[in-house]
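Some structures are shown below for you to check.
Okay, so subunit A shows up in both of these, paired with subunit B first and subunit C after.
Showing the complex of A and B:
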């Protein structure tokens, strides 16, 4: 994780990591931190504004918004992580294999990835939900499959460049097996690129998960998610004009932190090593 | 709006220049009072009434098509293309007398032969969705160019009501012969408006049909049907002139009023209901469905989920409609102790687990129901239906949050809900007493003093024996610019006779 180590030297990355740390903390402890049962309805106090009892007010059936936001962190982040994990698996391995296995696999995998890239996220997710049932795992399966081409492309691009590297050729000449070459010489160089892509993809996945739950695909009610809360709050802008602010802010801040981290990691390590202060404006 | 009118006038002038000698009635009055009306409402699934698959298509289709009869504001059948009708003594033949000089918008004469061809296509076309309703018609006899008689397989005085909706919309035989598939995008009727442009999922623009039988009552020259605005921007859409009239959810009522818009809360046929499949456990025990009904605080549902708009209800029709049965009001009042008792009697003293399917996430109605049922020991798991799933056909979900919009004939409504083949009868079974009661009402003339009671008896026979759980009436809410005047409150299909726009 040299890229991450180097990135940490930058202030933006440190702030991003701190924000993500808080998000992870919320993910783990959100349910316990919630002041109320996030599913408890109080129909005598619907769409209430912020108060000492309900810091962020109540929603359309009188549930405490703060509790739902805290409790919803886990599901929102896990869903995004699930999609990214599947994308990694389906993208990185074929990406490496396309360079080292052979022309037939290369041609086939390229065509499959081209086909997947042509599919729009939302439509594909709806189709998958129609086929496999409307649930979180089904929706994340769809998102993960469509994320695979991003990982495939960046992995393949990095691996192709390394195939002709002198030390790789030297290792081959010394009799290293293809597996050893990939594991020892290629993977370590590809990894930083994959990590950066993962951070960006995670941000994208959070947005897609939010969009899908916004559209009613994925999470089953009444489980809270950030996207679902944003969608429901938009329907009651007259009564709670500030309603969408809290879930939207959480989504924005988390996505921004992931993007900032990814940006920091893409900075050339050499430059960072030589002039780290120059980047700390 | 003004730009659109000018564009329309210019287009009409260009058309006139290109078609010298032809008359274009709409262009002559394009600058007259009336102007253009934009309605935020759902576009139809098709512009062919015979193959339409969505009940609410009737509103859009009635812009382009006229039927033999139409519904008045209270849902009664009144003359339309037919200026009158008469039954024979036994009630199994009904003769409609058409108005003179009727034509379709494609120029084809609308006579008795055209009516016969259109209704027979509705009954017999393989892709017809109205075939079942016309199954009672054994044959159609043309008595003269303006007289057509429907021969029925049983006495049925509901025909004028039945024909006031999609079932009775008359389609041009020329269009059917030349391009029947084209009807999906290009209607060929004799309605108040003729279609100019249709962009699926976006809008349809129409102009006034000067040959419409009641053209004098149509006071706008141009009509635009646009997909309803997102609720969050509906009010802004009307204020900015994007819409003149638009359907809005109850949550937007306050905003619409605050913005100075006129709001029409219209009591219509629609009611919210839980569809229940009584062949699936635990719903196969009527005690369970009664317990569910007792456990529901309908007033809370109305107050919380619909901001007080609607009335708690235990039957499929709104109060004030002739089929409303007063004795069914409070049929299963909110009583949690009674609900627990019934559950215990049904063999579930410790409660029972069920899955309730809803059409959308963030459905306050489903979430409230979940909590209410849980309080009496019914453990509800909510499930969002798979997008595109047609549960009326697949019946994969046994317990569903739904709504029901009554049909033109109250007996047709009962058959849809409770008939052994009724779409919303998920169990596809019904005690024979229901059909017997429906048949008694069907064979009672509409002007018979006993008609209303016969219909209400049929409603009681169905509601007290079937599992469908009615919740509350669901009004249709329009917000409109104050310059839109004359909008009548129709219990069924919304019509635009007498409507004017001032801006």
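Showing the complex of A and C:
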């Protein structure tokens, strides 16, 4: 992993990795770290400010904000990872195939990706959640499908530049099969850009998850999510104006860390830049 | 003529995209196990009720036939009726579209004005404190989701210092002033991300362009800085920024949906969300179709703008 090694040499990337490590750790251990049951309602302390018992205060029915935040992390991060995983699968494989399989597939996949790009993320995710049953997995399926074009484009852009590379031509002349060329030569070139796109996509997916859960799409009310907590805080701004700060900061810091990591890993501009002329034949 | 040519090309590309996107939209509706009887009557629906309503909404016909009818009706402005309220979907959308479009359009305007000012300023002071400040602010802004920015704006400008309303909407027919006061916070919240991206792209594009020989030539010929930047450099340097703007228009339309909810405005987002939570398939499909159409129209417009800006891009694109 040349990209990752290069990234670790930069300070910003080390901080970003540390932040992400903490988020993942909280996600895994949050259940045991949480001081209270995230659903427990302490009716004697409603909308309380930060105190020794409740470090981040309580919400409108007296639930501990810190505990809900910890419990919500898991749901939000797993949902985002689902979408990115699906986007990776549906983008990278057709992206490689579009260069190596044939004209018909190439034309068809380009049109389908154009079609997907015309769908607005949030509205499409809302629609899918509505039509396939209101669940976060359904919504994330939709987001994953819509993320495919960005993976498709970077993969295709990296692979298409290699089609005429001399060492690939040489490998073909030596009798390497198309599959072997893809596996050994093309993959090397494609992987770094795919890793960078994964980090950016993960940041985007987290934002989409937060937005959807904010709207109430995909979650049943008492279950804590980052977006859902913001939505319930919104109703009590006059009593607790700083209520949204904790969940908002958690979202922003995580997203910023992912973006910083992606920036640091962008090794060679030539491989990440799209080749518009080659793409639009 | 050139612009017309570009518009024609972009429209040609948009047509198959429209069909694929609407086919996906419609296919999802067909895949779902939602039906009007279950949606409207719930558990009490008998098989006879279900059959009757399915027939009324044409759900007993083959899938492709339904798709063709739906698309055909949509072209004439008929998007079917809600399974719940039986109100025509086109009518509901017509009432809410102005709200969403107002937010998105004002956000776009703000993004262009703020982004252009920051981007040009940063490019002209490249390496200086203003440039570094713009870069830092842009990096920070791009990580803040629009709805979080919206909540922050409500806290600051509606709760702590109450100068703007925390939510709601007044149509411009009741006065442009009140309309703008309700619109300003959501539009600012929505525009931040796009403005930051625009500023970044414009800065990069302009810094590169300002190093070109023809710019030096213009300076040597004795043209003033204003003439050099706005008359010569901007035309070439703005290309990537305009292209990025094209990518942001769908985001602004989608983002308007979230922002509306934050500010409790009766827009398309509210329609889609309540429709989604009830399982009202025609409403959701109609909203999505309108959103797709908006995205495609705006992408055609951006292509036309690019063609006017850089005539060469028509031939290669």
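Side notes on the structure shown:
What we mean here is this: the second predicted complex is superposed on the first by the 266 of 281 C-alpha atoms of A that agree within 3 Å, B and C clash if a C-alpha of one lies under 4 Å from a C-alpha of the other, contacts with A are read in each partner's own complex, and residues count from 1 in each chain.
Going forward, a contact is a pair of C-beta atoms (placed from the backbone, for glycine too) under 8 Å apart; a residue touches a chain by one contact, two chains touch by 3 or more.
Fair warning: this is a prediction, and the values are worked out from it, not measured in the lab.
Overlaying the two complexes via subunit A brings subunit B and subunit C into a clash. In the superposition on chain A, the chain among subunit B and subunit C reaching more residues of subunit A is C. By the touch criterion defined above, A:248 reaches subunit C but does not reach subunit B. Using the contact criterion defined above for the overlaid structures, shared-chain residue A:234 touches subunit B and also reaches subunit C. When the two complexes are overlaid on their common chain A, residue A:114 makes contact with subunit C while staying clear of subunit B.
In the superposition on chain A, A:126 contacts both subunit B and subunit C. Using the contact criterion defined above for the overlaid structures, shared-chain residue A:266 touches neither subunit B nor subunit C, since it reaches no partner.
Contact with neither subunit B nor subunit C is seen for A:172 once the two complexes are overlaid on the shared chain. Looking at the shared chain after the overlay, A:210 reaches subunit C, while subunit B stays out of its contact range. The residues of subunit A shared by its contacts with subunit B and with subunit C are 126, 129-130, 133-134, 216-217, 234, 237-238. Within the complex, the subunit A residues that touch subunit C are 111-112, 114-124, 126-134, 203, 207, 210-211, 214-217, 227, 230, 233-234, 237-238, 241-242, 244, 248, 251-252, 255-256, 259, 276-277, 280. Remark: subunit C residues 13-14, 16-21, 24-25, 28-29, 31-34, 140, 142-145, 147-148, 151-152, 154-155, 158-160, 166, 250-251, 253-255, 257-258, 261-262, 268-269, 272-273, 275-277, 279-281, 284-285, 287-288, 291-292, 295-296, 299, 316-317 touch subunit A in the complex. Subunit B meets subunit A in the complex at residues 231-232, 249, 251-252, 254-255, 258, 300, 303-305, 358, 360-364, 366-368, 370-371, 382-389.
Subunit A contributes residues 41, 43, 46, 60-62, 126, 129-130, 133-134, 213, 216-217, 219-222, 228, 231-232, 234-239 to its touches with subunit B in the complex.
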